[in-house]
Structures are given as structure tokens and as C-alpha cells.
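Heads up, the next two complexes both have subunit A, just with different partners, subunit B and then subunit C.
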Partner chain A sequence: MTTSALTSAIRRRRPKRQTGWRGLIYIAPAMALVTLFFVLPVLFTLWMSLHKWPLLGEPAWIGLRNYTRMFTDARFFNALGFTAHYTLIVTMAIFAVAFPLAIFVEKQRPLVSLYRTIVFLPVVVGLASASLLWVWLANVDSGLFAPLFDVLGLTSGRINLLAKFDTAFLTIIVMVVWKIAGFTMIILLTGLQAIPAELTEAARIDGAGRWQRFRHLTLPLMRRTMALALILSVTGSILAFDQFYIMTSGGPQNKMISVVYYIFNQSFVSFNLGYGAALSIALLLILVTLSVVQLWLLKVGDERP
Partner chain B sequence: MRTRREIRARKALWDRIAYHGIGIGTAFFFLAPFAVSFLASFRPNSESGRPPLPPWPISGMSFDAYRALDSFGAGIWQHMFNSLLVSIGTVFLTVAVSVLAGYGFSRYRFPFKNALFVLIIATLMIPFQSILTPLFIILARLGLNNSLVGLMLVYVTLQLPFSVFMMRNAFDAVPKEIEEAARIDGARDLKLLVRVLLPLVMPGIATVSIFAFLNAWNEFFAALVLLSSNDNYTLPVLMTAVRAGRLGAINWGAVQAGVAVMVVPCLFVFLLLQRYYMRGLMAGAVK
Partner chain C sequence: MFKKLMAATALISASMISAASAETISMWVRSGIGDSFKEVVKAYNAGHEHKVELTEVPFAELVQKYATAIAGGQAPDALSLDLIYTPAFAAAGQLEDLTDWAKALPYFNSLSPSHVKLGTYEDKIYGLPLTVETSIFAWNKDLYKKAGLDPEKAPKTWEEITANAEKIRALGGDTYGFYFSGGGCGGCMIFTFTPLTWGAGADILSADGKTATLDTPQMRKAVDIYRNMVEKDLVPAGAASDNGVNFLSFTNGKIGQQSLGAFAIGTLVTQHPEIDFGVTLIPGVDGKPSSFAGGDNFVVTKGTPKLEEVKEFLEYTYSPEGQKIMAKFGSLPTRGDIANEVLEGLDPRLKVGMEAIAVAQTPYTLQFNDLINSANGPWATFTNAAIYGDDVDGAFSNAQDEMQSIIDAGQ
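Take a look at the complex of A and B:
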């Protein structure tokens, strides 16, 4: 009896002692870092975007002129267009590979975890490393693909994959699918495994075929997971930079300049820091909008059983 | 009866062959680029410019490619040291900061607690690519421009949303009774955290560490922008110089060697700590 009285006394006292400012001491280092290296830079970007900000010399206030300049900047719209195009194609390609893979590795069978691990391996290496590896593979003289296709008789002579937009684009897509598909596969796999086996079993007893079960049972139940995988793929692709910088240096006739690449060029090659900041704000708004859509999509997924 | 069983057995056999056929084909596609590049990196200079058909060295194994890689920048050991310093520093700082914050968010009540937690998580929404210019300027003001420490601090900040989230959940999962017992035994605050709770949240720390290591080791864009002198380049930035080549000629052997140097630690760390990596991935996915 005394023991229980003691514990309940402790229980009663504890919240009182823990309310207050002590907890703030524990989170202070994290808050300091986030403030100094995230909140402050975001505000600073906003401030810079309202200036003409050269690398050397005094910044000059120009109001919204950086933003109006954006709307007449054809190269910016090219970058936006290219990024959208890339995002669309690469996301479809990743799903087209990752979904069958997820279904393939879903059931427990001998060696299945080995297959999962192998498909996942490229995910843990850097995009920069992957780009370097593939730019060599795609090189016309010293690489693998051109000579191999030539030897196999698929092409007459060696073709330079990275010299033309279409083939260079295709090479990059294949590289990114190789690099990312394992990640999307694992995300989709968690969704597949969350579907109760009894449901699939019941549908089969009711006479639903393989395709029907997939179309009317698996897909609707995976809505939430697919939304997540989709958003991760889309946001990742919009921010693409490494592969274009390393593999094609902006591509044949500068056709492969993504939005981040364009911001990089404006800020750190041409040193239009103010304009670069305005472009960054535009990118930031696009991404925040997408995140809001993401939350909404996931909510919609929640409402369904 | 017997024939039906035979038919079924045969079907199962074909099914297995088809399954592993697809499996081996898939594994080949995902492994081959690593294998080709790794094997090719041991070809002597005389072969390194030729297509990797076959990829392995024909006239004996050689470390020419690695020697060639060493001739770039400040030498490969220096750049490996830079990358390791940044990555391991990021791991330790991330763990220290996120353990403290996770504990604070899990066990204490204080003003604006939820708002501050959401603020940390919300930084995930904002791409760091869009704030690099101010980061560059702020680091310069702090005297940390072109510095590995500055880069490390940026990486730690980028890791925080995921890490604080992970550590808060890890502390939430520790029963309060353990803490109360320790309190009665006289352990308080930091002592309680280090002696009693830390061993209990080790799996969470492992997850946070492996993600911090891989992300810092592999990061390219921030390093490219924030590091300006040759001596400080991390491996991915050094490799852009190797990839650009000298006098218009690219030493592909050095590129292969560089890829091996960058990729092998990642694969090693992942295979060693796969369980913790997947846990982190699932936690992120479920959230």
C-alpha cells in the first residue's frame, strides 16, 4: 500500500516538474542548427530576391523586378519545361520497373531476400557515383554500350549515345531507373504486404481473375502507398542536378538544363545572386505546393477503407 | 492420380525455373554495372582506354587506375580523408543533436513544443538546393566558407528532420517505468539519459547513423557549391575534375577507380547494417 501511494505521488509530481523550460535546453542545439542553417537562409533568400545582388559590390534594391524578369526569361521556361518532361518520363519509367519488381519479390520464397537486396544496392550509392559510372558505360570509345551494341550487330558502327538529345536522355533515364527502382520497389512492397491475405483469398474464391484482383483490389488498397512513392519520385526528379551536370554537362545544345541546374548557373556561374534567389523562391513554392498536394493525397487515401 | 501429381510437380518445377530465371536476369541488370566498373578498374593503363569487352584485365591485374586517380587534386588519400571526416563528423553530430532533441520532445513539456517539432519536420518540404546562396554567405560570415566543418554543419541540419523524428519515436517506445526506477535510484537528467536510456535506443541511433553517413558521403551539390579550394574537395567533387579530364583526354581508368572508392564503402556499410537501414526506410514510409 505504501509503495502504491509512493508511485502515485511520483506520478502526480512528475508532470509538474517536467513542465517548464528544461526541455528547451535539450532541443536547443537542434533548434539552433535549424534556425541558423534553414530558417535564416530561407528568409535571406527572400530578401536577396528583391535585390540586384552581384558577387562583389553593394546589393541594390530593385523590388519585384527579379520576379518580372523571370516571366520573360525564355531559358527559365525551357528549364521548367525540360524538368517537367524529365519528371514525367522518369517517374513513369521507375513505376513501370518498380511495380512488377515489387510484385515479384512480394512472396516469401527461396532467395527472395537476396533478390531484394541486389535490386536495392544502387539506391545506397550516390547519384554522383552512379552518374560517373554510367557516363563511362555510355562513352563512345571506352565505354560498354556502344561497342557492345556494335559487336551484337544492333547498330552499324559505334554510336555516341551522349551526343544526341534523345539517346542521351534515354541513357539518363535508364541510369536513374537502375539507381532508384529498388527504393520505389521497397515502398510499394510495404503497401502490397499490408493487404490482408484473406481479402485476396476471398476475391479468388469469388472467381476474380489475376488481373481483376490486381485492378479492383490491389490497386485501390495501395492508393496511399502509391501516392507516397509518386510524390517521392516527383519531388526527387524536380530537384535533379547531378546526372545532368556530370553526365552531359547540360546536354547537347544546352537542352538538358534542369531548374536546379539553371539556378546553379545563374547564381554560381553568372553570379546573378539576386536573380538566382528569385528563381530559388519559385522552385521553393513549386515544392511546397507539391508537399501540400502530397498531404492532401495521403489524407484522401486515409478516408478509404 | 499419379499423373496428376506428376503434372503438378512439373508445373511447380517450371514455375521455379521461371521465377529464378527472372530473378537472375534482374539481379544481373542491377549488379552488372558495379561488376564491370570494379573489374575494369584493375586493368593496366594500356587497356583502360579500351571498351570493357571483356571487363576484366587481360594482361594481368594492375593498380594503374588507382595510381592515376591519386595524381588528381591533392592525392586520393587527402580526398578520402576529407570525405571520411565530413561523413563521420556528420554522424557524430547528428546523433548527439538528435538524441538530445528526441529526448526533449519525448519526455518534456514546454511552451511551443508541437510548433517547434513541426518546424523541424517541415524543413523537409523545402529543398536545400534553393537556399544554397544564403548558406554560402552565412557560412562566410561565420568564417566557415570553404570549410569541411561548415559543410558538416549543413549536412547535420539536413539530417535533422528524419533523425529527430526517429529518435523521438525511439524514446517514446521506452517504457516510462524504467526511467522512474532509475530516477528513484538517483539518476538525473544527462546521467539518466547516457547511462540508462542510451543503450535502450541504440537501434534508433544505428538507423540515424547509417542514413547520416550515406547521405554525407554521397552528397554532391552542396559540396560543389560550398567548397572552393582543391585541398578541401570531397570525393564526388574531386571526381568532376577527373571526369573533365586533362587537355581534353579523360583517363577512364581513374574514373573507374574513383567510382570504386566512392561505391565500396556505401555497399559495405549498407550490407553490414541492412536491418537498421530498412527500419529507417519503413519508418519514413509509414509516416
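Take a look at the complex of A and C:
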């Protein structure tokens, strides 16, 4: 009895151990790629951040001085402030546009694939190309917007949109929404489509109104999708660089220096690679913290679908 | 198919072996300095065994691209480097020491002295003059005529320039009286705007380069002159966000007056012969003219295997033939001993660029990129904030503080 129980236990355990090894082999390529292209670079960045590392010349060990310097660096805090401001506004704008669009294209209606395609088209344009396109659109002399607004009588004379902070910021927000909203829409769309039609129908039979169905049925069931879309949007906005670099070169009077832009300037304009690395590590920590907080706020992972 | 591939590969490698005696030197040049260097390379390639392969790099990115290329082992054999950066690269030990060879050149003592000075670090020569340019003031004679001004009379003061700009702007439409790249182009503004204060005896840095001296009455006056022209709508609206891309707006024929460089004379003469223009020195705020002596030094990446070929090329650019080609496209002669001979028969307006050398200045600082040229540096920010912003005093004090803190951090 005991021996048979033992053998059966072994028999039961052995295939389990095998699947463990097999599983490891399956994920080995992914792990290798992540190690090679993420873990090692991060470790190297960490190593660099502990040095005074000029682009030309020999690095010198300075311990944590790059990190302490950060706390007295007003320009870094300005960049953080601007990035937070930008992230908040652009994320809200993207969701405000993408959610209605997702609801609009979810229902089967004539030409729905066409709508989806049109809204998604800007997503396949590179951000740098899109920025260049919009630099031209916003050009006061040879572009589109300034003469158009002038002709329509919205402005008296042509306005140089990129010359003042408010208008330049607005131009960039509109550009990013135009560029990104389609992507967020597709993510939200998958969430909407995953909601079983029976549930909505049951709610309708129970007498729930349109708003009530959205608030108490659609939103809670889309929590995971929302979390994904939110994290992608927030992370993307915090890492924003191309549009500021290309469209305004940091904006009128440096008012549009995002954190990544500041890291770029420190590393490749001032050649302080060590300090740039330290700033990158700080940014990585901020991003991880923010993502954890967002997951926690949206309570993703608590329940199993 | 496989055989064909093999044959093709063999053919290519065979042709490479046969070409091995003729070396190809890779060289970089920054954009926006006119065509003189490109043209001299073209002429050299046409008549010599060795070839130069030229890569044009955007002027705002040349320094970081070169620095990263050195770090990555992909640096070109030689490059045309903005002379103000020579000390920094020489100090970092990245450039080939050219002292012995340079001093053996029979015309060494007549090479542009400010270039050689900036090319010298700790008594060794790392950079030699390649292109020389000075900033000058240009006006469009056709627009002067249309506005009822005397097209042959060069303006001598900024009051005169402003008054002329108003008359030209009065022609209406998209004709404007003045232009400058005001969207945070540090390089453009140090080149064209600081001469206003230099002429009047002020500078933005102390002589030893250790104190920022931005806030002077002369600079205040210079800012007022530009602000006034912007307020009166004499400058196209696009200038406020031009980060240097449209620096040569004068070439569109709708700008009455602009401070340009001698390179632009070459570009105008060779590519825009339809524009009839005059040039003079840039007046200071009190009328005394000044200029920025700039241009590029020729530097060689340390350890390049093609040093002899590179030297041969440089000797060609110093030959009367090479100098003549470069001058034709706007680079002033680097050799003083044959300057008159070189300029003979060329556009007489180039002589104004040559005269400017006598009154010109060049700032000497190892932090030129951080302080002046970086689009997000204090100088670039200042030029936009002071001329276009609402808070002039704030622009002065912010830039003054930030310049000083960058200088202090670099000590």
C-alpha cells in the first residue's frame, strides 16, 4: 500500500517536473532576448550612472554623486513637471477621443471597417514622420493651418502656431491624439467586443438605461482593457521625445523639455553620459512605480475572468 | 544561380583589390556652410588618384554625431569642424597632432591666425583653417529701389536699417523689411546678433571666459532694436519659430535686409543670380561695425590610417587653385599671402567679408555647445525670450544665471 502510494506519487510528480523543464525551454528564447536587450543594458546603465562618464575621454567613479545632483537640478524638475502636465492632458484627450470612437465602430453598421481603417491609419505613420508632417502643416508661411484660419476669419492675420507655448502645446496635443487615438481605440474595441451580448441584453430587460448599462456593466467589465490602454498611454507620454524635438526643438524658450529630452540633452549635447544614465534609471523607477499604482488602482489581478 | 552569385562576388572583390591603391578618404562637413567645401572636393576627386567621400551632417548635430562616432569606432578620417569646437576635441585627445607637418608648410605663417589659434591646444596644432567666414549685413537692392530707397547706399546705423525696413514692409504682401532666425538658433544669433554689442564694446562673456556678462546696456539696446522691428511687423511671423532651418530666407527675394555670412554671398552669387544685393559690415548699436569670425577647421581623427592621403587633400585646398574654387563659393581665402590673387576677378562683395576680419571677434570657450549653440542652452533661449517674450528682464536674469552656472559647473 505504502509503496504503491509512493510510486503513484512519483509517477504523478515526474511528468510535472518534466513540464517545468519543458516550459523553461519554451520561454528560453524570450528570456535570452530580454536578458540581452533589456536586463544587460539596464545593468550597464546602472554601472554608467555611478561614473562621471564623458562621451570623449575616460570615465571616473563618483559613486552616488549623479543621484544626489539630481535633487538640486532645477531643470530636471522642470522637465518632470512638464512631462507630468503633458501626460495628464494628452492621456485624457486620447481617452476622450478614443472611447467614443471605440463605441462608434463597435456596432455593426454599414462601412464600419472603413471607419476603423480611417481612424487607425495615422497609427501606422511613424511618430517622427508625423511630427515632420505637422511641422509643415503648422508652418506659418507655407503650411495649412495658419492660412486656413486666416481665410476662415478665425484669426486676424496669420498666426505662428509654434511660436507661443499655448498654441504650440495645443498643436502637439492635437497631433498626438490624431496619431495615437486609433491605437487606443482598437484596444478598447477588443474590450468592448469581449463583453457577452447576453449580459447587455439581460441588463436591458432589467430596465437599465443606456448610461446605467455603460456605468455599471461596460466600464467594470472593461477594467483590464482600460488598464492596458491606460498604462500604454501613460508610459508612451512619459517617454515622449520625438514630437518636441522635431516640432518645437524644446518649445518656445525651453518650455517643452520632456524628461527624455532632458536626458538626451545631458547625454548627447552636454556629453554627461553618466548623469544621463542616472536620470534614465530614475525615470525607469518612476515608470515602474506609476505602472504598479495604476494596476493597483484598477484592481487588475484580483479576480480571474 | 549560385554560380552567378559566386561570379559576381568574385568580380566585386577583384575590382576592390585593383582599386586598393587609390584610397577613399571619408570626410564630414556640416550643413549650412555653403558649397565651397563640396565644390573643392568635387574638383579634387576629378583630378586626383585618391578620392574623398563627403558626408553632410546637419550643423546642429555634427558635434554629438562625431563624438558618438569616435566612441563607436566609426569616425570619418577627417572632418570640417566648426573652429570653436577644436579646443574641446583636442583636449579630449581625439585629434591627430599635425604640428610638424603644419609648421613645414611654406605658407604656414600666413594661414588665418584666429583659426590656427583655436586649432592649437597646449602648443600643439590639431586643427588648420579650412573655411573662413565672417558675418556681414546684406540688403536687397531691388526691394530698396521699389521702396524708393537708394540701392547703392549701405545703411550705417540700426535706426537707418529700421527706417528702411519700414519702407520695404510698406510694399505690402509678404515682403518684409528684415529677417533673423529667432526660434532659438544659438549659432545663428551669436553669428549675426552679437556683433551689435561687440561693435559697441560689450561682450557676453568676460575675456577669460569665466564670467557671463550678458546684461549690458549695449545688449539691452540691441534687444530693443530687434523687439521694435518685430512689434512693427517688419519681420515675417515664421522667424519666431525658425530654429535655423530657414536661415537663408534672404534668398527668397522677399526679405529686404538680413545679417548673413560670407558663405551666403557665395550661395547667392552662384545659385540665386536673380537677386541683386549689396553687402556691408554689421553696424553695432552705436554705429561702430563688428563681425563674427567663424568657419571651420580641418581636423584629422586620431589614428586614421590614411593620414598621408588626407594631407595631400589639404595641400590641394591650400593651393591657389583650391583657394580660388573655395572663394568662388563664398569661403574667404585661408591663406593671407595669396588672398588678393585669389579674390581677383571674383565677386567684389567678397572683399567686404575679407574687411570684416579686421573688426571680427570669436568667443573662446570650451563650453560653446552648452552655452551658445545648443537649441536648449541659455543663449538660444535668451534670444527668443528677450526678443519675443513678454518679460525682457526675466529673460536677461535667467540667461545670465544659467550661463554662469554652466560655466561654474565646467571649471
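Methods note: the second predicted complex is superposed on the first by the 253 of 305 C-alpha atoms of A that agree within 3 Å, B and C clash if a C-alpha of one lies under 4 Å from a C-alpha of the other, contacts with A are read in each partner's own complex, and residues count from 1 in each chain.
Throughout what follows, contacts are C-beta pairs under 8 Å (C-beta built on N, C-alpha and C of every residue); 3 or more make two chains touch, one makes a residue touch a chain.
What you see is a predicted model; the values in this text were computed from it and never measured.
When the two structures are aligned on the shared chain, A:147 is found in touch with subunit B, with no touch to subunit C. When the two structures are aligned on the shared chain, A:139 is found in touch with subunit B and with subunit C.
In the superposed model, A:160 makes contact with subunit C only, not with subunit B. Look at A:57: by the touch rule set out above, it reaches subunit C but stays clear of subunit B.
Contacts of A:195 after superposition: neither subunit B nor subunit C is touched. Comparing subunit C and subunit B on the residues of subunit A they touch gives the larger count to B. By the touch criterion stated above, A:252 is placed in contact with subunit C alone, subunit B being left untouched.
In the superposition on chain A, A:268 makes contact with both subunit B and subunit C.
In the overlay built on the shared chain, the residue A:182 is in contact with subunit B alone; subunit C does not reach it.
Shared interface residues of subunit A, touching subunit B in one complex and subunit C in the other, are 139, 141, 146, 268.
Every residue of subunit B that touches subunit A in the complex is listed here, in rising order: 19-20, 22-23, 26-27, 29-31, 33-34, 36-37, 48-53, 55, 96-98, 100-101, 103-105, 107-111, 113, 116, 119-120, 123-135, 137-138, 153-154, 156-157, 160, 164, 180, 183-184, 214, 217-221, 224-225, 236, 239-240, 243, 250, 252, 255-256, 258-259, 262-263, 266-267, 269-271, 274, 277-278, 281-282, 285-286.
Partner subunit A is touched in their complex by these residues of subunit C: 64, 67-68, 70-71, 89, 92-94, 174, 183-184, 236-238, 240-241, 243, 369-370, 374-377, 381, 384-385, 388-389, 395.
Residue ranges of subunit A in contact with subunit B, taken from their complex: 7, 10, 14-15, 18-27, 29-31, 33-34, 36-42, 44-45, 48, 101, 104, 109, 111-112, 114-115, 117-119, 121-122, 124-129, 132-137, 139, 141-144, 146-148, 151, 178, 182-183, 186-187, 190, 225, 228, 235, 239, 241-242, 245-246, 260, 263-264, 267-268, 273, 276-277, 280-281, 283-284, 287-288, 291.
Listing the residues of subunit A that touch subunit C in their complex gives 54-57, 139-141, 146, 158-160, 162-163, 168, 248-250, 252-254, 257, 261, 265, 268-271.
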